[in-house]
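Before we start, here is the structure in question, set down as structure tokens.
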């Protein structure tokens, strides 16, 4: 049995992780931390949660675990990662700290000097389907952001193809409110959110933009730029990204689809819809799947609909998927 | 034109009041206060609100107004009322400060010594349909609580009748989340509230209990006690109270209904449903109505369904209704 | 492996059953029927469902199964049960057809002559915690209604005690909209239901009333009558019943609680909350639990809050729990 | 007083129209029709509606009215329009029947031969801010579709400018569920819609596409094509369109904004947000406003956020706005 510690177990991502690990046949949860609820149990925070004691992060016994999952704010995650790695513990980070390879880019988007820039090169960007070759034996894995997962998975077959993509790619994304975190704020108040729908940080201003463009550039050296428009959606969970990709000359779905099927038809967690079907949240909530629909809007514009559960494939589920690969376990263990 | 000042304009009740006064042909809003948003405009807080400047409560110019509406936390409201009355301004209070006639009861339920106990006797409890004779010319009006309004209006014809009511009356009430106020808290977070439904402070522990029982005793000297079970309902606004009243001997709707029709058939804001129909939130949201349905469950138990909009008849609407009567205006002005 | 057939797999209860059986280690689903979608697959109806072919009920091969689950309209269920029993197949019925022991009562509440009155005596009323002794080896099990489950489980320790219960018991129940079934109707239209909350068939007019009173009379010969007020709640799933029980003389929680702990402290699916805590939907959604809170409103009135998931413990979950006991399996198999 | 008749008063659009006309000081509603509820009253369908008798459309007394509003299915609307015009009654149509100028285009998108092609040239396309010069004295007005209104109002200043727009324009639109109509369907069932978000008919397949492109071509002869992606949003009302416009060379907001301010700064119902602000549903629900935000995503791509209430500016409100202009009344009468 692999022994795991969870940092930040009381946030929405942390609790989702606890639930997944409870179902996982090869994992035992050794400890869980919470700065706000230390001394209480997870069941005091979520009525259906297990009776797991919550300790302060600084009291975490690294010597009792093989792996830690970090569901912490940025910067705090990197600081904890340093301690864990020093103690010989594998780190699956769910924060933004190790997603960007460049410390300056990190500093300019996250308003902090990176606490551990020496680890950036080593960290594996854990978009599992893409990172599978680098994950086995990795010491530090950066779990991708929720929006990036929904956008990068469908862009990967296109950008790694020789299809003549042109102009900016547009990702119009809509996320359930759990993506905004558990701390009560005005915009997540039920009364403000319930009958509302609102865009925020559209264009090139959301922190997930540099992350997505970084990985797009790995897929294709001269990848187009991205225009990214996130919206807050009055549901608990789920992301739907509607993505617009232009081609320099007419192409058909018959030409495009093989790149997707070749890359994903054997994947347990990527589901390609038949022609004419569109991805919806109902396809993915509470699952680790990314469901993708392909539609030609005209001869040169492809519209992709891509859906994930932001808390599962967009966070805790993909983290466990990564852990499974790191430890050489069956990749879908605990996730189906 | 009557000149009004609004204290606490940025809470849900305060903003509802602003919207009602905007439609009112005899009122001009002279100032609006906010402790958190002073210096900004109401339209900075609510995108559809008028461009009303917000000032600090301590800077309110009492000499520019005839009446003030207090949408303030308890105790703060009483302190402001003292100042307003000293300045010769009529006070329509929407807080709990002047609802209870007994300062000790207030202290035990609201955890504060009453700031102005000498005003308690003078304050008119503004359940308008009941208080109409005392309102004209009143200096200080206490607008009833939202739950009390939904419960007291239908109980009034029964308790003032000679029907032999027995045993505790049970009010099982369900309120939309705006009733919990605008300050973000964990239980009003969209993710926690959206797929949930939860009772709270049931039995005899909610602060509205002593208020309701006080008024029940005005209706009938030996009124039965109340069991009161509030629940938090995942809608923006509205209260539905399902009320169970037992009789010491068999009675029929034919005997009961005349007490209701005699008291309410000419009321503009109390609507009696025909036999067999039940009140729902859809009957009342965004209106100043209280809609009442009467159903015999058996020979001796009456089930009342009573619905109001907690922000209108349960707060800002009834406050304006009271003001209309105080100033001798048409009671429904600005409210239909 | 036990082979199961599911009749009516495309309704909300049927699909919930399919999902539970998928997780069940001892069950294989041999066939699933649907009158509306025969010829298609379950995944055509629910995007996350397994690719299960749907056949017409009249084509169901009884010889391929050990047990059938009937998620059918009333009357249709009884007719299918007759065929199944004749073929030697065990029947777990989720309809109302075998819940009432008296065919005349059935006829008067369900507007049909019972299609198989000779089976009523034999059918086991599968409130599992109560029926455990009669279930092993049963041929025909009637799964209780959703409201009855939420009301009967907490009433059982009281009614089988010698506590002096008096007067009618009141159950004020609130149900998520999946309880109204999958067929689109005006009252389940999103726009009508989303900002609404509505009582219906209150008093003594809902079909679950005779079922609840029948079982109450099994618990205590001279059980009090029930007043039952169902309400439609704008959430997908979950029932909360707030239940009011009066005693003929003062009692304390210290006297009442032992009857609950003795009966339920070892039950895997009944959860008693500590004093002062109240059951909410968040305690139970997507689980087979019934969570019960006990609060004294005054010396002689107990308020019970009781929560279940209407589709799980209120339907498909309890059906599988019953099947487990019938076949001598671990009772919680596939349900935790 | 102008006398109006309403055809199809019980749909969501029809009822919204009734509510607006009730507030209108110059209109009296002479009759209202409903095929499904004839013989009943509107208050039997909507509990807060006026006690308006509903008659069959074929019994409508045209001689008692000056104007009719048609909230009917397509084709039925055109047939009624012919009768009304023959009776000398002005027609404000809210259906799709007179929006497209070309009968063949109509036939190919609406699967019907147009019932009155001779009227197409005469009908005024009532995007009020655009059509103001043609409306006074018009006999037949086609109220634009809800999506088209949200897209065409912000595109108008751009397309009528000399800015070098290139490539397809993309409109990613999200609509509340009232847009799908009142007839219960599976996709509008509360349980299916409440936790879901789903695209439909994306690309170039929605019936509003030819309507939008027709008007775009009026604004600019060589207007680019449109890619249009509608999505179903789990709120009652409101449309948010996120629109992407590319320019052939770099432009700035300072160059773009004047076209908007010149065209709209004096409009009562078009509201331009300051730089950096984004339109949300909270800006517009229950109002006749179109709120527009402008954001440059990069040097050559403008992102427009445009919000309306689909039932008001997207239907009944704009219909009344048009009627006001037709009859020479103050344009905002009954709408503020």
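Miscellaneous remarks
The chains carry the letters A, B, C and D, assigned in the order they are written, with residues numbered from 1 in each.
In this text, a residue touches a chain if its C-beta (ideal position, glycine included) is under 8 Å from a C-beta of that chain, and two chains touch if they have at least 3 such contacts.
None of these values were measured; they are calculated from a predicted model.
Simply put, of A-D and A-C, more C-beta pairs touch at A-D. The greatest centre-to-centre gap from chain C, using C-alpha centroids, is found for D. Taking each chain's centre as the mean of its C-alpha atoms, chain A lies 47 Å from chain B. Chain C has its Cα centroid 38 Å from the Cα centroid of chain A. Residue numbers of chain B whose C-beta contacts span two or more other chains: 194-195, 234-236, 280, 282. Interface of chain D with chain B (complex): residues 46-48, 195, 280, 282-284, 287, 291. Across the interface of their complex, chain A is touched by residues 12, 177-178, 182, 184-186, 188-191, 193-195, 234-236 of chain B.
Note for the complex: chain A touches chain D at residues 167-168, 170, 172, 174, 192, 194-200, 202-204, 225, 227, 229, 231, 233-238, 240, 242, 244, 246, 278-282, 285, 295-298, 301, 303, 305.
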